[in-house]
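Beneath this line is the structure, given in structure tokens, with notes to follow.
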Amino acid sequence: MVYITRRERFCAAHKLYREDWPAEKNLEIFGKCSNPNWHGHNYDLYVTVKSKPDPETGFVVDYRIMSEIITEKIIDKVDHRNLNLDVDFMKGIMTSTENLAIAIWKELEEPFRQMGVVLYSVRIQETENNSVEYFGQPS
Amino acid sequence: MVYITRRERFCAAHKLYREDWPAEKNLEIFGKCSNPNWHGHNYDLYVTVKSKPDPETGFVVDYRIMSEIITEKIIDKVDHRNLNLDVDFMKGIMTSTENLAIAIWKELEEPFRQMGVVLYSVRIQETENNSVEYFGQPS
Amino acid sequence: MVYITRRERFCAAHKLYREDWPAEKNLEIFGKCSNPNWHGHNYDLYVTVKSKPDPETGFVVDYRIMSEIITEKIIDKVDHRNLNLDVDFMKGIMTSTENLAIAIWKELEEPFRQMGVVLYSVRIQETENNSVEYFGQPS
Amino acid sequence: MVYITRRERFCAAHKLYREDWPAEKNLEIFGKCSNPNWHGHNYDLYVTVKSKPDPETGFVVDYRIMSEIITEKIIDKVDHRNLNLDVDFMKGIMTSTENLAIAIWKELEEPFRQMGVVLYSVRIQETENNSVEYFGQPS
Amino acid sequence: MVYITRRERFCAAHKLYREDWPAEKNLEIFGKCSNPNWHGHNYDLYVTVKSKPDPETGFVVDYRIMSEIITEKIIDKVDHRNLNLDVDFMKGIMTSTENLAIAIWKELEEPFRQMGVVLYSVRIQETENNSVEYFGQPS
Amino acid sequence: MVYITRRERFCAAHKLYREDWPAEKNLEIFGKCSNPNWHGHNYDLYVTVKSKPDPETGFVVDYRIMSEIITEKIIDKVDHRNLNLDVDFMKGIMTSTENLAIAIWKELEEPFRQMGVVLYSVRIQETENNSVEYFGQPS
């Protein structure tokens, strides 16, 4: 098995805010991330898949194809968007980086399976100090 | 003269959108940056000042003091905020990185002069591919 | 399970030197790291914990709390200090990056357990070429 | 067990091209990587080994020795070379990053075993967006 | 005046080799860069232009347009190519990074002038240790 | 004129402390940098020289020669050393990054002049947030 990782980037606005909580509680729990007028990030998304390399090409999967899948399924929907308002696969979900990684996993698992490779990990670098990684559920 | 540079970071939402233009023109001119629901960035702000080092300390200016000035005058006002809605010194100004650099220069020039050093440059790295630098107006 | 990683940084002096060895042997085994007058590094410390995200907040653990724990237990004790002389949890231990990672693990394991999350890994980047990672002992 | 990682760098030319395929098929499958006149990269090679630290030195293995092994077995053979034409351990192998990682693993596994440590992973960063990691075959 | 910088990246093969010198002299002067079978790099190209921001948009020049010009005039000609063999504007020129920066300047100066901005600098980062910057000729 | 920059790295211990001041004043002025038992950094040193490229080689100066000069004059004296105790050209000088940049300039100016190039700038990156640049004295 060889593991290959493709990085794609997106810039998005979001906030951490529960409408069923008063503003004070949102501020207490989520701090400055609860700013009602939003804030945003440059997100780095690292997607890792694994497979045996194809004996003819030496590829696990062509990086171009990997990039196309991630771009079509994720980047086109989140880049220069609002994660709370504009993204179908985040509807009704708190936009923590943890939840974002899980949601992106769900979007990517099946398309990569159809390519003949296994999705191994989704990692999101939100700032240079903070990152999240998700490996799916044990089967 | 020695030049010292302090980096501070902030995460903010913004959009490029003129209310006096129809949505179509905003989309044509500003592309995906015109998304009505905002997007955002991790901004890296590099501030450079120059002076002769103090003979007793060897400092142009203490990095801690430099950080405090930038934090008080800029970071506290822009971090986890919306550049279009929440920032007093950007009121009525298009939030392009160019204009942001000029506005930050205006906020910082006088406080550093009072510290006995000369503001030399304000540089903003908006993404890993895009950055802006402003050196003030020739006197 | 979702894994989140927080980076904190510290700058410290240290040397690799055994008092029970003659200077020549220290130089032979530890090379320039044995300089009697010390040397130092900017260390990047990456701490990873794992847990199910909280359904209300979407957090494994708030990055701010994670940062506070690492700062209180580690950074306040090692930043701008001498790892051989100033750090209680390194007393009597060779200050190799390997031993430092193990020692930091021991300091952090219990505080994170009390937060309801499991410490997964401690990684230290000592230079851009050299890093160490420790995952604890198999239970 | 502690894991230590050493990075070494090399700059090399290569192309992805099968002589048993017509030029059109090479272009279709390998895209711009099939340019007959070659292209090249700055490759970052990360080698990770694991072991218990030596109680006398606190080392899994001295970084200098780790660097010497990687340099002798790999870097001296690939740096400022052509991966398709100049490298003995890539003879007859498609120079995909996947195959390169597997081939480097095979060169390094035995030398590190003789040092008393276990090779854990070979990771190659080919561009800032693309990387490959290989962990060997399950025994 | 505000200065904006756009980074574009390309991967290319090249060698430093004079056909009018014997192989020994090429090796002596150019070292491993003279390898007859080529080597290669990931080049980072930073292009800086300056102008007053447009009062309507706040732009010196739209990054997208800046990227299109650099891509059409430079990247499409050098990416995944051989700088010695495949690039029209490097024909008959030693492919040192210094000469490459000068040649790229000549290709970009006029197109940016037509956009109403002034080319200020061309910087090429060849490896993490080596870079070159060219500011044109004093007029 | 073309400007080329070479980066070299060193790891060193130091402290900011005046023996003619009481410990309290050192702590007040220099903060945690005054720790009597030292601290340390990974310093990145960027040296820029300028010249017309040699018409035969296309070089301002060979990077290998540039590296040898910087290594012999600076790195061999500061790497894995104590800047206050071990470095001849810092004797009696406060080891602020400002003073270090000026002192390194003085060591490098003449050797580069003898190489036929002009030293343009010495830049030291002390942490990812703090850096200093020195351009010499106007002649």
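Some notes on this structure:
Letters are used for the chains, namely A, B, C, D, E and F, taken in the order the chains are written, and counting of residues starts over at 1 for each.
As a working rule, a contact is a pair of C-beta atoms (placed from the backbone, for glycine too) under 8 Å apart; a residue touches a chain by one contact, two chains touch by 3 or more.
These numbers come from a predicted model, not from an experiment.
Although chain C and chain D carry the same sequence, what matters here is overlap: shared residue numbers make up under half of all numbers found at their interface. Contact count check for B-F and A-B (C-beta pairs in contact): higher for A-B.
Rounded to whole angstrom, the centroid-to-centroid distance between chain E and chain F, based on C-alpha atoms, equals 29 Å. Each chain gets one centre point, the mean of its Cα atoms, and the points for chain A and chain F are 42 Å apart. Averaged C-alpha coordinates give centres for chain A and chain E that are 34 Å from one another. Each of the following residues of chain F touches two or more other chains: 128. Checking each pair of chains for touch leaves A-B, A-C, A-D, B-E, B-F, C-D, C-F, D-E, E-F. Across the complex, chain B meets chain A through its residues 9, 11-14, 32-33, 35, 37-42, 79-82, 85-86, 127-128. Within the complex, the chain A residues that touch chain D are 1-8, 48, 53, 56-60, 62-64, 67.
By the touch criterion stated above, chain B contacts chain E in their complex at residues 16, 18, 29-31, 93-99, 101-102, 128-135.
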